[in-house]
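What follows is a group of structures, each given as structure tokens.
Note that subunit A is present in both complexes that follow, paired respectively with subunit B and with subunit C.
So, the complex of A and B:
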């Protein structure tokens, strides 16, 4: 246990020396807090007594008398084509984009690691068969299948919505928001695990040959114990790195789908939708495109830099130079 | 070599078969129906259409018919665009997607490989740092932001470039740059990594010690090994560019396949969806195969394997 502990301590020391990665970590923390904490604070209590109502407006509140306002004390970043507060829309959309990135990555982590480590651990014909299946899935057009898959799931979501809302009495707004997102999570996550599975398998094959696994076998540990206590903890380094780099990929992917009108839909919004709306008003109100693209790009930039930094820190052998 | 080629082609056929089956099941699982519309269509017309598209038959029979037709190169009639064959739609709109993808790939190669080589040669200099930051920007900014920015920033100022349209080859330039930029960034990073690895090899030192010119050492000896990871990436990347250019096609109003696919998916046009997916599947299989062949041609060690 102490060795794995010092591995991560080492990694943290190496990461701290990488100023780009640390700055990125700070920026990401701020963006996360803004997106998740501020709307929450803003929605506590009723507008009359909370004292926070100026912090965060209702992102869906339209006021056609106040379209395209410049930034002011009332609307920190101005208003959009329907008079909605851009700052609020930005944070609200950020929740979805960040959630998609994190949840889809977790999905693909869970599926990929279980699949890959089992294939690698069992080996032999099972391994060959399982990896051929991954090869086949690799040959499929990813974007096309995600579109089909999310259309397929989203149709079934309607019955889930009625079930949760009418039979179980859940909050209607929450249910719509929640069921709206599931197709996307599932579609991206269930098709995005392939590379993860390959990595997990390669790592497992490597670790299986180590002496400490042999020792564990001779001590009579069960397969499950060997997998969960020895193999999984030791392969996490490269996997974490790859996962960090897939988060921006999935965020970008959701944005592209939303841009095509196939991602999240109203009442949800995401950075992809803001960018899409912004591109429509590029000539008349360029700030509608510029503000979300700046925040979006900064986030992806920071995630990518953090991922690179983590790779150098956790996986010194695979470092770029 | 021939044996490898044949076995790889056989694998490709298996992949395509799986793809056809998966798509066939997937589209039929989707609720909704290709023949019902918002407009009220009389019941007997729907029945007639159902019989025409063989949708009244059991699913297994439909699948059999579909496979038989594909074997004869027939992708069936479109279900949402009346009177048009899927093959016709593909023949009409795929060239634009293919041209866009190819031009994008060429641009990516022309930018990415020299940038990667240069930053590997001048490692840790400002050229290296600048290139890598630029690559990171290319990876981080989505194409639907770069596209409009290029369109408004460049096309409005340069007289012979148009904001949108697909008339003459000059119109290809902006969409292709937009499409190729992220790929260029990846290629630059991969090439840099590959070059750094080979530049440290003994045979490079030997080549330098023999007194070869630096350009010969880099371009003839180091590049041959250093370009391998980039080539392995190019195959799948090309397929992804051609099949994933929907967004660029939307921004620049390119009459490609992307719009047809999205509309087809929304209208539950089974035959059109399946046709496009099969086309992209074949493209991916071929691109991977070509990349492997190119790798074998460059790297003798791979030639005798498998």
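So, the complex of A and C:
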């Protein structure tokens, strides 16, 4: 007896046959677990009552007597220019880079899809007006806008830090790390949705003309019901594919911002900062540049392969091979 | 197959085009006698009476000239500059400078004593707000005029009996006056040019723009390409133009010291003013003939904004100073043979600064506890710094020492030079990483800046006793006794620590062997007029 498959079940079957995509998915899972779970497990318990901290180091703890050490049992990947554990900095940096990628992508998904689908669904003058606004934003240099924007927001971050730390009693270290990232998230996310909006609009225009939407209209469904039940689910395929491809874009963008000295602040690390600092020791300690580059490239490759695989799986018509 | 052939043909053609001129940039520049210098950052201004930084002074020294000129090898010798000769009375309080008759501005206008008077009046006018005006307080009446006690410039005792004579009367015996006149605050500015682009007291007067500027030094400004270079060419109207060997100088604002060093090794620069610590080792291994390591009369410290609640308490400042392991920073980060500073002023000659600070954790912890801070109530600080990479490492090291040993929560905020100076001046910081390089070889070059209201004080700190002690020392004509008085004044200041001493500098830089006439100098200011470039 044959069972009917939903769109997503079909896609999963096709994805499973794409070995590159599956390997990439595995690699990404491992990197995610390494970056988010390992530091968490490693820092359970305080130095007094647990042995864990001996194998997972504080990424910001420096020891000037132990600079540029080679890999050892104590420091798995050696130490950097200030005697900090490279392995710990790599994973903590990964947290920030991956978070930037994911959060900025979700921002752009939410804003882009709602903006684009409304423009496409309403159509006419509203559509023209909304899309011209997108065109204007497109015309402005992205990097400059993000820099301006994050400077603008960071003014307010100080009062937010005091509020969270002193009035709400949150953990000081966490608050500083967190508020440090908000300008970056908001700036990248709030300006990174433009392409997403165009895609969503194009999809909406296409789906709007389909018979099942006309049927829904004639059945008297409200606009909201049509949008959420028919249009949005049907355009998810290309959107998801595009989203996986934007994650590496945002990670790269954070790296370039950090490279310019506009990303997370000292002494915290992100992959971009590790690359920037490592580039300074290219001649004298190349491992400082090579180690983060390798992990960074692996992640970007994996995300790209996964995105490709998803495109083939979700949209077999578009696949050329 | 054909396609591969096409590609390789294009590739070979490109290669042959590139290899047409295989000479390095410096070799070509040496042939044209243009000196290429890495200069750290974009200068804030080029107006001698406005600027305060080393980066600016490196350029201004090429464009302008004071009464005397530095000797290329010997810091104790003063060569005639705008002044042909000069004489002083027995106790060095009355000086007469005789300006040369052929002194001209770069536009051909004769340079007279009136230009000097104009420059002195300009820097001392209170409304002009010069940061460095106290460099002229040696002149009798200058302080009173600058602080608004007198609004008549004739009360300042500088006179020009004729267009080529300048008579100065000083507050106190100052045998090192010729050293002072080589500092840019004492340089003349072209009265006719400044006034045609604004009033005397206009601070952001556009006269220093490349299209307007008129100068009197061996070189004149030709172009200022933002973030690329500042170019100067030989000034044909310079009185000693015949001696000039260079045809021009280009200053490149390269912020990243590693990039700067790489550009040097790649043959794009003749010299740098700094060298990133790790590059010292690399240079020793690869190009030892280009590495210069010389003593340098400069000091690095952390200014404390004493008006900020975080570091208002001197106990906190002392705790912070005691918790810095200076030797570790020098050995592991700087690696250039600097020495751990126990006071702000480096020792020079007979001058021995007080041993005010050392690395003492237990005392630091106790002091901080006394001040009411500890692990459960952490002290929170903002450490202001420039965005140079070498600065970042020093700041991160201090940050970690405070965090790990004292539990101090310190945030590093980095800005590019102009914003950094702006925040520093407006006291928008708690602690700030900075340095000071001597303007003349005497301890007062470090001590005078901490006077009440000094333009380079920038800490909000003052102590009337300190000002009084400096005044007493200035009146003393016995050099040994004067040094003892100055040492006592420094001890007064170090009791309250408006700035936390870090290290006394050495200068490490790269210089191509093609550059001739560049000798070790304690102030690291090399008169460009004596420099030559040999052919590769």
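The criterion applied here is as follows: the second predicted complex is superposed on the first by the 308 of 321 C-alpha atoms of A that agree within 3 Å, B and C clash if a C-alpha of one lies under 4 Å from a C-alpha of the other, contacts with A are read in each partner's own complex, and residues count from 1 in each chain.
The definition used in the following text is that a contact is a pair of C-beta atoms (placed from the backbone, for glycine too) under 8 Å apart; a residue touches a chain by one contact, two chains touch by 3 or more.
What you see is a predicted model; the values in this text were computed from it and never measured.
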Contact-wise, after the overlay, does A:67 reach subunit B, subunit C, both or neither (first, second, both, neither)?
second
May I ask you to decide whether A:283 touches subunit B, subunit C, both, or neither, giving the answer as first, second, both or neither?
both
Name the contact category of A:87: first (subunit B only), second (subunit C only), both, or neither.
neither
Which chain makes contact with more of the residues of subunit A, subunit B or else subunit C?
B
So, A:256: does it touch subunit B (first), subunit C (second), both, or neither?
first
Subunit B versus subunit C as contact partner of A:149, first or second or both or neither
first
With the two structures laid over each other on chain A, which partner does A:185 touch: subunit B (first), subunit C (second), both, or neither?
neither
Classify the contacts of A:304 with the two partner chains as first (subunit B alone), second (subunit C alone), both, or neither.
first
Pick one for A:121: touches subunit B only (first), subunit C only (second), both, or neither.
neither
Could you tell me which stretches of subunit A are touched by subunit B in one complex and by subunit C in the other?
261, 279, 282-283
Subunit C partner, complex, touching residues on subunit A are 60-62, 64-65, 67, 81-83, 172, 176, 261, 265-267, 277, 279-285
Along subunit A, where are the residues that touch subunit B in the complex?
135-136, 139-145, 147-149, 151-152, 155-156, 248, 252, 255-256, 259-262, 272, 275-276, 279, 282-283, 289, 293, 296-297, 300-301, 304-305, 320-321
Could you pull out which subunit C residues touch subunit A in their complex?
256, 258, 276, 278-279, 281-282, 325, 328-329, 331-333, 378, 387, 389, 392-393, 395-397, 399-400, 403-404, 409, 411-414
Within the complex, which stretch of subunit B touches subunit A?
11-12, 14-15, 18-19, 22-23, 26-27, 29-32, 123-124, 136-137, 139-145, 148, 152, 192-193, 196, 239-240, 243-244, 246-247, 250-251, 261-262, 265-266, 273, 276-277, 280-281, 284-285, 288
